[in-house]
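A single structure is presented below for examination.
Chain IDs A, B, C, D and E follow the sequence of writing; residue 1 opens each chain.
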Amino acid sequence: MAHRPYRITTGLAALVLALGGLATLSAGSADAASAHAKAGTITVGTLYASTGAYATSSMPEYAGLQFWAKQVDSHGGMYVAPLRRKEKVKIVAYNDQSDPATATSLYDQLISQNHVNVLVADFGSVLTAPAITIAKDQKQLLFDVTGSGTSFFTSGSNPYVVLTSLPVSAVWPKPVAKLLIQLKTKRVAILYCQNDFDQAQATAIQGFLKAAGITPVYFQGVPTTQSDYSTLVQSIKATNPDAVLELGYPNNDIAFLNELKATGTHFKFVLTPFLGQLPSLFTQDVGAPAVNYTYTYAVPPTLVINHVNIGLGLTAFVRQFAPGKPSTVNFLDVAGYNAGLAVQAAFAHATSMSQLGIRAGITAVNGKLQTLEGTFKVDNTGEQLGELLPVAQAVPHGKGFALKIVYPATPAQVKMVNAKAKYPAPTK
Amino acid sequence: MQLFEYAIVNGVLFGLFYGFIGIGLNLLFGVMRLVNLAHGDLVVFGGYLGYSLAVDAHINSLWAIPLSIPAALVFGFLVYHATVPRLRRAVDTETASLIVFFGISQVLEALMTMIYGANQVTLPSPGGPVSLFGQDYPASVVISAALSVPALALLYLYLYRTRIGLATRAVMADEDEAVASGVRVRRVAVWAFMIGVAFATTAGTLTAFMLGGINPTTGSGLTITAFTVIIIGSLGNPLGTVVGGLLVGLASSLSLTQAYATEWTAVVPYVLLLVVVLVRPSGLFGATVRRA
Amino acid sequence: MSPPPDVGAERLLEVRDVTRVFASLIAVANVSLDVVAGSATGLVGPNGSGKTTLINVISGVYRPSGGTVRLRGRDVTGTASHRLCRLGLNRTFQIPHPLGDLTVADNIAVVRPRRGATPRFDADPLEFVGLAAAAPVLASRLTSGEQKLLDLARALASGPDVLLVDELGAGLSARELEHVASLLVRLKDAGLGLLVVEHLMDFLEQIVDDVLVMDAGAEIFRGTLRGAVSDPRVIDVYLGGAP
Amino acid sequence: MTTLLEVRHATTGYGTIQVLWDVNVTIPEGVTVGLLGANGSGKSTLLRAVMGLLPLWSGEVLFDGETINHWDPSRRVRSSIAYMSEKGVIAALSVEDNLRVGGTGLAAREVKAAIARTWDDFPILRERRRSPAGSLSGGQRKTLALAKALIRQPRLLVMDEPSAGLSPILVHEMVETLRRVRDQYFVTLLLAEQNSTVLDVAQQIVVLAGGRKGFDGPLDEFRSRTDVAAQFFGLSAPPDVPSNERPAND
Amino acid sequence: MPEDDATPADAPPPPTPHDAAGADRTGRAAPSGRIWGLRAREGRWVRRVVPVVATPVLLFFAPHVYNNLAFLTTMVVYVVLAEGVNLLYGFTGYLPFGYVGFFGAGAYGASLAVVDWHVTGLVALVIGGLTAAIIGLVVSPLLRLSGAYFALATLAASQVLYYVVANEPWTYGESGMSLPEVFGATETYVIALVIMALALAVTVAVRDSRFGLSLRAIRSDPVSAAMAGIDVVRARTAAWFISAALAGLAGAIWAIMTAAFYAENPFDLTISVYAIVFALFGGVRTVLGPVIGTVVLYSLYQYIGISNPQYFELVYGLLIVGLALFLPGGLGSLVTGSAARWRRRRTRPVTGALDGAAPGGGTP
């Protein structure tokens, strides 16, 4: 056998060099961290995705959070109870490019290198999942904006996670089931995508309906990557449904509505979840005529809530967030802003600067906080219970469409046009 | 029964499109044993070109098909000369090409994100539903399938009715003998490369129609679909690719009609691929068996 | 096959009615032969007559389409090469097959020696063929002649009873041929049974006791080499009429 | 007689394995040269070097007095040096397509005429024109290989074992065909063979053994010298040269 | 036609004499005697033990330099994967595109063991490794394929596995996996380092053992290897299992570190691609090549990802293209390549075997 000891030596030398590189890298990020973590500032660490599958949703959320920080700083900072003074807010953000593995490392980076005061998660369950683990492990308070995976809040009491927007998907669709029962639909078709978010909704609705004696005539899952809906639509049509619920991500919803449009298929009732969140994307990609009479969940800014006791009301937010272009504001901008408000409330009532002290600030305001998303209320696992999600229907409005709340009747503090559901939907 | 017929027609429409996606990839593999992992990204790049025309220039996005061809040829020419001569000298061309084209696919994805952003974009539908055999199909799907047919026919004419096409087939069948017969392999290879790239970009606009929209990461999935199609139809056999495409299209479409199978649709092509390579490792139309 | 040189000599290999068909081509048709300990049999025939195919069938590279192969009485028809190697049958290749990425020493070290039976020949194979000095060199760096010797050494390292030698002489110079022939004779003397495929008649003459001549996959002559070169049929097909 | 092809001091091999040692061959125009040698003697390697399919480590190939070392194979084929490899045909393509591949680079009209001529000269091919070459019998394949190499009416036709795999009767037919072709197409033949029957067609014989040139002279002389014949059959040793030298430029 | 009487011209085309790409394939003579003050025997010991011990020890102190354990653990997981690719591709020539299937199988095997059977962390790791090996057994018929067919068939198999895991309720496919805390972050990192040490030890063992020699023989020429008495199918399958089990262990420790994930995470095809790129970048068929490849590229990945995210894919892509084209043997070839060139100038093996002068010893 040949002997080549020189290889090891050179190999080890290269390894040492590489570790040296690591050291340089960390020195670089230490600089970055010290630049951010100046005395007299509260640092909020977050991630965003400028590319990849979640970029569409992640970027507006990030913009909302940045807007909140700008707002706070323009008023001389936010009040930090344990310090008894106002502090400026600094956001430290990294780009995870929609990759959960990168996100894991970057969340760790925020805690271990940048020593941020609190963490705000990136959009959605997939990119939030790694943060949940790190928050638990490192006992770091995490503000979860929209990551409502069923597994995040079930493992007993966890004081380190707070969901700031949207109830978890298992309770969220209750109004939909009630509306279907009220409309006396008998034959309900449910097509959902196989991911945590949509699957949980589908199962919840199925449960609510079954309790009322309605068994869905079609209940099928498809891969989230599904883009060809033609055969599926034909299958659904064959069941002759009174109502069709398509529960997917924005791309699925758009592909589904486009398929209905392209084949001229008409159902009496169609619901897609993301129309309410991203109306302008649907206008652009599907077109107003085809969207008309579709049902969806009503969320801000469609749902206008101005009766608030922290931050801006919805109308003011829209005006200041996108001056002159109110139509470009979407729900995720609001959600990002709302996460900032939760952070703000936590610090304003924190009992100490420790992570649990900051969490105690949330407990202090739980159920009392009125934001532009409604009542902020979490349980002891951090699950959001408070915010409203009525069902809305798109109705023709000028060249485009307007979303009108059809169920339940709007609460008093919500300034919103109520309407009776147009059922069955008129043919377009 | 109506649903079954619908699924068959739909499967054929998609199958033709899959054949179109796969064929450029197969040309590259057949002639040069190159595993082009950037194929799907080239397809998506073509789709974005169509999008630019529709949204920025306000002309029909189908114009992207003729307009992208010269650009694709130039791009193919440049990439060929930058990479292929070195790859051909590598000890293991297949593996080396796989890595190089993975890198190129990363670069393309980055460029697309920089230029067009990360959002999904869709193209305006080319028209209302089209009636075939008494049922309505989306115009975008029918038009895409209809355009795939002449594209495939053009490649057939290139291979079977032109001198360089004959030389291309000679190289695919037996490179040594082709060289010994005076065929200029480099010229054949450059053209095959450029045409392969052009096929990818021209399929792009159709992809935006077929898939409902595109984003910069759509490409990697398309690459895998394309490989599945060409392996089923045999690597290096362009006509087999069309059959492979039809098989994948039909199987996927039919699985969507079965209640228990809808959630397994995405697996269908992979299972098909595994069955084909294990039962007949050379693919359905392969001449040479490639076993270790 | 032809009468063994010594009555009672050990029959090592018995090939009976072996046939091998490729698609529509019959490469080997009903060939039978025996290899006896301490003897060498020559296998001759023009290009494409099926000699190498026969060797490939016997050594387990191809499965026969028909017929049987027995090694020391045991049926080994269609047995995989690595098992045959462990049972005491090995071969060299017409085009040398060195393990090019390995050193010469590793080319030998990789061979699994036969278990059980005492090998008939147990000298250090590299020294025997004269490649000992090349032990630390990568096999791909050897000349084609040296690679042929390495093939031989690797085959010997497994301690075979039966050695199939496929055109070891082709492409070697006279002096090299002489060296190789003397090696094969020494192996024969050590009690190995050899089956030698070769074109070079005087090379064969130094080694073999008898020959089998094949044409188009079938046997056309068996007997002594002198008998073969004077047989009109052999001259006709093998030398094509002679100059 | 003008010299058509000249190989000077050709030295080459595969990878690190040297196969040819300083071989010199001169082929006058119109003289059929038979290159004889046993397996592995370097015949095919020499032909591949002549065709540019294998680069020379050192030495030179001259065609019509001009060095062609830097020409790639296709240029050599297009410049009137045709090559018939041992395989000779592309099995997956039809007979007619094989002929058309042989005419690569010619004008379409010329190819058409050449194929028409081929149908006349080799009627068997016309019958099988649509069949894939792989389905032809051994003799038909060799005929197709020859016809394919002749498509562009070359001045020099380099052939690697035109008789390999043929039965004795077909070998005789091949010899007749080669004679006919030589006269009809005015082509100089360089053929590598180990079958002595094919010698009948040659006027000059070059013997290769162990990658070195042995005998080089007229056929008659070759016939008359038994030692040379023996050299070819390997019945006695070729003139020996030490073979363990490394490639000079390794 | 069967391979009767082929001339050397028909042999598989070897690299041309001056082929740069082929340079590292030739001329590996063994330097003998004392090298850098070490005698051969000591040298062998050093070659075996140092990489296995020194690499984890060096990395053990890495958190003092750069305290991001999630990053470091992921990097170590990638080292294990790259070594697994090294075993398969480097030693047997199979490029496993769907290698991530084993990683995912290990992640889910270990996680389900923790969640459903409430086993301890170390048992979960073993179950993860076993799960991957079992999956390896199921898909071992794929070893009949070669080249691009093998690469893509494994990819398809990994996708099938992914969809099974993602669709089935018993794998918590749709709701996602959620583990209780099994190990602390530092503990997880140390265990990952131990798994890496195991991977390195396996690689060293394979390189230096008779089994490794057999694998290299098979890669070099399967027919000759069979004639040397090597059971080609069995040796390949064994390498396949070992490699699968390593990926399974890597997946298991990744799952324990990540704790909450969806099927699409451990079955993400980019994991395969990165493991392959890291291994090839560092240089396969060496022990430390994949380690160096991973440390350098993954650090770069993190660094560019943080500082220049907008150019990240672009820079990374260009880097990969450049490396594959201009340094096809990996970083390792910089070292071994130059050494090989150096040796080639010095060694001119002339055995004299064929001069007939000294026909060696060995009486029959």
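Brief remarks follow.
Methods note: contacts are C-beta pairs under 8 Å (C-beta built on N, C-alpha and C of every residue); 3 or more make two chains touch, one makes a residue touch a chain.
Note that the structure is a prediction, hence the values are computed from the model and not measured.
The minimum number of touch steps linking subunit B to subunit C comes to 2.
Centroid distances built from C-alpha atoms place D farthest away from subunit E. Mean C-alpha positions place subunit A and subunit E at a centre distance of 39 Å.
In this assembly, the C-alpha centroid of subunit A lies 36 Å from the C-alpha centroid of subunit B. Between the Cα centres of subunit A and subunit D there is a gap of 75 Å.
Inter-chain spacing, taken between the CA centroids of subunit B and subunit E, is 31 Å.
In subunit E, the residues that touch at least two other chains are 1, 5, 8, 10-11, 14-15, 22, 25-26, 28-30, 32, 163, 167, 310, 312-313, 350-352, 354-355. Within subunit D, contacts with two or more other chains are made by residues 15-17, 19, 39-40, 164-165, 243-244. Across the assembly, subunit C contributes residues 47-48, 94, 103, 106, 109, 136, 140-145, 167, 171-172, 175-176 that each touch 2 or more other chains.
For subunit C in complex with subunit E, the touching residues are 20, 22, 25, 27, 47-53, 56, 59-61, 80-83, 85-86, 90-91, 93-95, 97-103, 106-107, 109-114, 120-121, 123-134, 136-138, 140-146, 149, 151, 154-155, 157-158, 167, 171-172, 175-176, 178-179, 182-183, 186-187, 189-191. Residues of subunit D touching subunit B in their complex: 51, 53, 72-74, 76-78, 83, 85, 87-93, 97, 100-102, 104-105, 108, 148, 152. Within the complex, the subunit A residues that touch subunit E are 1-12, 14-16, 18-19, 21-23, 25-26, 28-29, 50-51, 94-95, 97, 99-102, 104-109, 112-113, 125-126, 129-130, 132-134, 136-138, 149-152, 154-155, 194-196, 199-200, 221, 223. Listing the residues of subunit C that touch subunit D in their complex gives 46-48, 94, 140-145, 147, 167, 169-177, 199-203, 216, 236-237, 239-243. Of all residues in subunit E, only 15, 19-22, 25, 89, 94-95, 141-153, 155-157, 159-160, 163-164, 167, 222, 236, 269, 273, 276-277, 280, 310-314, 316-322, 324-326, 328 touch subunit B in the complex they form.
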